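Below are two complexes that have chain A in common, paired first with chain B and then with chain C.
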Partner chain A sequence: MKMRNSIAIALVLIFGIFLFRIFEYHHTSTSLNNSATYYNTNAPAEVGTANVVTAIVVTYRGLDTLGEVTVLFLTALIIGYILKQKNREKSVVNYTSEILITAVNILIPASIILGVYVFINGHLTPGGGFQGGAIIATGIVLLILSNPSKLMNMKVLHFIESISGFTYILIGLAGLLFAGGFLDNRILPLGNIGNLLSAGAIPIIYSLIGLKVGTEISSILASINETKENTIKP
Partner chain B sequence: MSLTIDKIALILGMALMLTGLWGGFTQKNLLKIILSFSIFDTGLNILIVALGYLPGRTAPIIEGEVVTQENLALVAIDPVPQALVLTAIVIGFGITALMLVFALKMNQDKKTLDINQFNDLKW
Partner chain C sequence: METFKIIMMATLALVMIISAVMAVVSKKMPLAILASGAISLLASVFFLVLASPDVAMTEAAIGAGLTTFLFFIILRKTEQNSHENEK
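Let's look at the complex of A and B:
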């Protein structure tokens, strides 16, 4: 046991030296590098978003985002497969506090509205599909916490998820046909920077991503909640 | 050397990474190992965001009179690390969720979370 701890100490020390070298080498620069200058100069005119990060995530590196959504989809799929059971059973935990149940009824509509606001305004303000989806999923977590024995309607979750993922890919293909390439957002007019209806297809794509991420996280949590013996014995 | 905000963020991220690495090497409980991975992940994300920071600049979002389309390249920070970290956070969530579900299955199998009890692959 002593031996193992000293190996761990040695490895952490080596990694610490590595990080310290990075820290020493790092110097605070005063001007942007080439790629950042390109994005900051051209993104608003080319893509039409007020938020440059959204322009990179959804359009310039849109294929990466498609891959990212695919990774989340695969995670939800694998978790659903591993925890699969023929007869879904109600959770053993039934008691939750009255305060939580009352608060959840107020908080769920608020969290869903906030999530929708965040992903619809993803091209104008900080935020976007992933953040909005996560906010919607917090509402679902509260629902599960307040009423663990309730079974989620998995069919509705999977339906929303598949429809939004499919439409996302269709919009990408439309970019291939009517604009410059796959996932190009200029299939719709760019509009004025700062308006809600601007930046071409970005608000639509980010809304679809938000719905997809929200339902995926919710279905992961629901399948963990509904599995048999979900009480862990330490 | 003065401690500017990006240096502080670098130190914080590196400290979190070292904490997570130490926890991953020394903890015996599966849940604590997963928690260590999450801490390491958070530290790495803070590190990447800190690398894109430039002193005195603001977020790369066009906002009224202060940040306009023309002066964006002069007053805004590097947007690329933020886009990368957005991806990294989502992938980190997926990996953490998968690890937690595997821990749940392992717990159902052996009724314990102690990593020393899972010696099927030991030689």
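Let's look at the complex of A and C:
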């Protein structure tokens, strides 16, 4: 035990020295670098978003976002495969406090509306598909916490997830055909900056990402909740 | 204004370190889970002050919200399991 503690302390010290060296050589830049300047000056005209981060995430680096969504999809797939239940049974625990149930009944609609708001306004305000999806999934987690014996309708979750992922790819391919490249948002008119219906296909893409992320995380949590305890062996 | 900001951030950083230590050392599981959630919450405040609201939103939604609740669900499952083993 003593040995292990000293190894841990030594590792922390080495890491601390490492971080301190980085801190020592770090200097705050006073101007934007080349790519940042390009994005800042050209994004509103080229992509039509008020939020430049969204322009980078969805359009300029759209392929990376597709990769992230794919990673999350694979995670959901693997967890669903490992925790697969042949006969889904209701969870044994059924005790939850009355306060939690009442509060959750008020909070679930609010959190789902907030999530939808965040991903629909992704091109105007901070936030977007991932954040909105996570907020929706938080509402679903609250539902699971307050009522553990409730069984989710997995078919609906998987259906929404597959449809939105498929449509996302289709929109990307449409950009390849009708506009500048894969995931180009100019397949739809750009509109005026600041309007809800502007920035081409970005609101649609972000809504699809939001639905996909929300249903994926919800299905992960639901399959964790429905696992019988003795099916996971260490 | 600048000094106030520095003092505020230093306090937040101190609270963050304390809760990180608490998450590791604490013997009570719910306390450790809440402490690890508090780290994410304070980190999201940091991101907001450093002018990156998008990252702050992700950190608050996933780190402070989802992960904490997920840990509580799993805590209940494992505790239930250990009760069954005791019988």
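Just so it is clear, the second predicted complex is superposed on the first by the 229 of 234 C-alpha atoms of A that agree within 3 Å, B and C clash if a C-alpha of one lies under 4 Å from a C-alpha of the other, contacts with A are read in each partner's own complex, and residues count from 1 in each chain.
By definition in this document, contacts are C-beta pairs under 8 Å (C-beta built on N, C-alpha and C of every residue); 3 or more make two chains touch, one makes a residue touch a chain.
Small disclaimer: the values here were computed from a predicted structure and weren't measured.
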Between chain B (first) and chain C (second), which, if any, makes contact with A:224: first, second, both or neither? both
Once chain A of both complexes is superposed, is A:118 in touch with chain B (first), chain C (second), both, or neither? second
Let me test your reading of the model: by the given contact rule, A:144 touches which partner, first (chain B), second (chain C), both or neither? second
Thinking of the overlay built on chain A, is A:53 touched by chain B (first), by chain C (second), by both, or by neither? both
Between chain B and chain C, which makes contact with more of the residues in chain A? B
Which partner does A:6 reach: the first (chain B), the second (chain C), both, or neither? neither
Touching partner for A:162 - first (chain B), second (chain C), both, neither: neither
Quick one: classify A:41 as touching chain B (first), chain C (second), both or neither. first
Go through the superposed model and pick first if A:126 touches only chain B, second if only chain C, both, or neither. both
Shared contact residues on chain A - chain B and chain C: 51, 53, 126, 128, 130, 217, 224, 227, 229-230
List the residues on chain A that touch chain C in their complex, please. 51, 53, 92-93, 118, 126-128, 130-131, 134-135, 137-138, 141-142, 144-145, 148, 217, 221, 224-225, 227, 229-230
Could you list, by residue number, the parts of chain B that touch chain A in their complex? 4, 6-7, 10-11, 14, 17-18, 21-22, 25-26, 29, 31, 51-55, 59-63, 69, 72-73, 76-80, 82-83, 86-87, 89-91, 93-95, 97-98, 100-105, 107-108, 111-113
Given the complex with chain A, which residues does chain C contribute to the contact? 53-54, 56-58, 61-62, 65-66, 69-70, 72-74, 76-78, 80-81, 84
Please name which positions on chain A make contact with chain B in the complex. 5, 7-8, 11-12, 15-16, 19-20, 22-23, 26, 28-33, 35-37, 39-41, 43-45, 50-53, 56-57, 61, 64-65, 68, 71-72, 74-75, 78-79, 82-83, 124-126, 128, 130, 193-194, 213, 217, 220, 224, 227, 229-230, 232-234
